[in-house]
Amino acid sequence: TIIHLFKEIFKAGLELQEKDYSKEMLVSRKRKVEDTVIDINGEKIGDGNPHFVCGPCAVESYEQVAKVAEQIKKHGLNIIRGGAFKPRTSPYDFQGLGFEGLEILKRVGDEYGLAVVSEIVRPQDMEQAAEYLDMIQIGARNMQNFELLKAAGEIDKPIILKRGMSATVSDFINAAEYINSKGNGNIILCERGIRTYETSTRNTLDITAVPILKQETHLPVMVDVTHSTGRRDLLIPAAKAAIAIGADAIMAEVHPDPAVALSDQQQQMDFDQFDTFMKTLK
Amino acid sequence: TIIHLFKEIFKAGLELQEKDYSKEMLVSRKRKVEDTVIDINGEKIGDGNPHFVCGPCAVESYEQVAKVAEQIKKHGLNIIRGGAFKPRTSPYDFQGLGFEGLEILKRVGDEYGLAVVSEIVRPQDMEQAAEYLDMIQIGARNMQNFELLKAAGEIDKPIILKRGMSATVSDFINAAEYINSKGNGNIILCERGIRTYETSTRNTLDITAVPILKQETHLPVMVDVTHSTGRRDLLIPAAKAAIAIGADAIMAEVHPDPAVALSDQQQQMDFDQFDTFMKTLK
Amino acid sequence: TIIHLFKEIFKAGLELQEKDYSKEMLVSRKRKVEDTVIDINGEKIGDGNPHFVCGPCAVESYEQVAKVAEQIKKHGLNIIRGGAFKPRTSPYDFQGLGFEGLEILKRVGDEYGLAVVSEIVRPQDMEQAAEYLDMIQIGARNMQNFELLKAAGEIDKPIILKRGMSATVSDFINAAEYINSKGNGNIILCERGIRTYETSTRNTLDITAVPILKQETHLPVMVDVTHSTGRRDLLIPAAKAAIAIGADAIMAEVHPDPAVALSDQQQQMDFDQFDTFMKTLK
Amino acid sequence: TIIHLFKEIFKAGLELQEKDYSKEMLVSRKRKVEDTVIDINGEKIGDGNPHFVCGPCAVESYEQVAKVAEQIKKHGLNIIRGGAFKPRTSPYDFQGLGFEGLEILKRVGDEYGLAVVSEIVRPQDMEQAAEYLDMIQIGARNMQNFELLKAAGEIDKPIILKRGMSATVSDFINAAEYINSKGNGNIILCERGIRTYETSTRNTLDITAVPILKQETHLPVMVDVTHSTGRRDLLIPAAKAAIAIGADAIMAEVHPDPAVALSDQQQQMDFDQFDTFMKTLK
């Protein structure tokens, strides 16, 4: 029948459209079939094994970061994270130590042989920050700060791109493409929970985004178990699910004394919890 | 200071409130510490091992169900599911075979030695349905059909209660309490994805609801990987994550020829896919 | 070019599909161009003027309903609502007076010359309820309780169908079609807020659903300002917006003494507030 | 009883907390009772009458902007908007004319006696942009780009701050506070729809956010009817609802020939539609 014919052409048209589109994306699996593997201080993120990026929510002092570094080293990990520029909901919350924080991170990194990761929030800071950091994070609130993405695309350091709080998978991939379109293809996509009506967790971990992102792109995929759940008691189960579903890396927050942390007291692990976390997952 | 004092009292008040509330819930872990284990035809759901509840979306004919039963048997499983009363968005979609469908299920169950599960949608059918079925499902759209929940609480068969599309974890637990309050404590909670803004999957699988439900209640928790993802290519990854995070059972749809199925053509597995599914997960 | 050609055919195909679909819906504006007007005790809902359906959340006693009826009468209104079967999240909350509540409503309705509206929750109660009520409400939690919808389609009373908490506009229209497909076309669609991440209101009033529903169907559209906002201080602004955007009716809850109400204490108006409400809006 | 006592103290504690917090917010109604009124070229936004900010989605050429300016003038309006820096989901979509676009806007503004508004996306452009523009917009994607907010707080021009796609009312108010905390209190809050599961509109217009924002802050509130609905056929109904609920201003997009626009073809009005829009609303 004519209706059937139309339907077939209709489907063909649909496929055609999609095919065209994907061909143009640098981050697309259709453009590059092999997995992108990012080597940070010996951790080959994207090689099929789970890797860990841990550290305090915020850099508060040299002593604090050094204590965490010691624990990270103890567990055989090679990367430490810590926030120096903190995007906070209220202007009156602790905003981070800024470049002083990056200096502390770099000093600790050098002393303990750890690669260091931190979030950058202004396009004009990107280059200077690259002198301190081994990997640069773009936070969820800045996932569609396209000027920042472009600046990240112009430096020669791997980027951890966090998914926006209400970004679709397609928005997320397009944000990565902004970075890649400027020349930097070393991008790790980080699922960190999306905003939904559910309130028993801080965000809703969109776990199936992991295999979708790995199908659609050739980039490594990380899961931030701290911000997706917002609950210490869910870090281990969430990390187990993430590893089982194929995540290339796990991000989690550790603090020497979470109760007195300057930010995110409810969700950072103390050292005992971190011990259990690493022993359960490695 | 006085403000500090107030804060302490405030926290104490909070705890007090929560404690009071949980004490009254029959399904609460605080009321009963040990896991509820539900034995269906030898499958002890809740015993710490993953179990599988598979079968076609809808019962279409004796032959169709028998073919699926054979495959299920082949993989050493003991339960088959199939819909006879289908709650469909449009009144003009296939609504299921009704009691004739339940008869087919029972006949196949007897012949192959399988326990049978199906959804019931009217309170007044509950008792009659219990004569055909070993376990009764309450669907997502009926999670807050409280009259149906009460009717389910009055029969002597285990209930699979699916989470509503926009039910909070707390709504979900309260719905289970409706069943339990009428005397039936054999309830399996089934996470099947929640409605969010994301469109790359049919629903968003709320994977951390699994450990939360297991903490808050003593009931077994199931994950329906078919309806949460709506995508055949995500069934295996989703099931892996569900098992890793502690789900007691997995529900998935299998059909002899999904392309001609009377419902949900896009998401049911054919027998080859089901083979791979079971070999990968068991 | 061939791509352009495909696109044109693609678009034509899309239109074709949509046209076919709408033709079959009884509630569709394409099927019936003129507005459906429902006459309840002289209130012609759908005639282009705003109408009001007010009353207590739950029927608690004859005295309580009579007091409210007096106020409603005072403002020249002709309809009273009150819940007798209350679908409550917890089984331990007040569940309503049942048929005793319907009797109270009917008695008050007769004495004050008011039409009475109440929610019915079981298919098997529909017929009996129709003897007490002038209009029957199907609640948000039952919007996809298809057995209840079918039962509502078989009685000869107008139906107020509330939108489900996470129902799309399309789901909502299909639910109305379930009723209409069984013969009853006297349906008022009631927008009552949808579940989103926002917490400053109980639900998010989807105000643009009103003109969309009026475009797509020929049915009258009501806005429940009480449940959509959950806040007494927003009832007047929400009602103003609803009337301005073309709602045919407003539903709002009034109670002689909200502080001691058996349900929804936070959102019902007392008589002074109801006075201001009616004076501002009429 | 002791439980009752605890509850009273608990409630007192809650109030105390909230009171403390609001006291510190510069944008809070508790800090300043009177409405902030922003005078732009004679339009006193916040004076109780509705004002209109219209213009093309993107500045494409001098001719295009001039044509729109003529229409705006014709309707007695005094402000024109147009995007020069366009934050687009894909890096391959039209990104705007940049400073060249601002020059076009300024030239047209001078010639037609209109105040000009445009979005700025990089902190470092803020000062230079202030030389071209009478009012600066911060887009939804940048609502939590805190560095941009701080930069906006340091210039002496009114700011239109758009609500983020998944920002709560509280996040939104805090974002405004970032601007105000740096010294600039001339802020218009712009509701532009939030991301929900509903797909019949581009976003869901959260209409009750308008009265909430006006209660909680002393700032004027605008509603962007174009981006909240994404549908030309809903612009008039949405604007009516917005004005009825108390919005101080309406933003809407107009283009000489929407079909060939470089962005947002589906939702801009042509001049005939704009005529009807203004005649219906003024």
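Which chain is which? They are A, B, C and D, in the order written, and residues in each are numbered from 1.
As a convention for this text, contacts are C-beta pairs under 8 Å (C-beta built on N, C-alpha and C of every residue); 3 or more make two chains touch, one makes a residue touch a chain.
Quick caveat, the model's predicted, so the values are computed rather than measured.
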Next on the checklist: From the centre of subunit D, which other chain's Cα mean sits the farthest off?
Outcome noted: B
Next on the checklist: If more than half of the interface residue numbers appear on both sides, call it same; otherwise different. Which is it for subunit B and subunit C?
Outcome noted: same
Next on the checklist: Per the definition at the top, count C-beta pairs in contact and tell me whether A-D or A-C has more.
Outcome noted: A-D
Next on the checklist: What's the distance between the Cα centroids of subunit A and subunit C, rounded to whole Å?
Outcome noted: 45
Checklist outcome for this item: Chain-centre distance (mean CA atoms) for subunit A and subunit D, in whole Å, is 31
Checklist entry - When you check subunit C against every other chain, which residues touch at least two of them? => result 166, 170, 195-197, 199
Checklist entry - Touching subunit C in the complex: which residues of subunit D? => result 166, 168-170, 194, 196-201, 204-212, 215, 228-229, 233-234, 237-238, 240-246
Checklist entry - Touching subunit A in the complex: which residues of subunit D? => result 24, 87-92, 121-124, 141-142, 144-148, 165-166, 170-171, 174, 177-178, 181, 195
Next on the checklist: Per the contact definition, I'd like the list of subunit A residues that touch subunit C in the complex.
Outcome noted: 3, 6-7, 9-10, 12-14, 16-17, 166, 195-197, 199
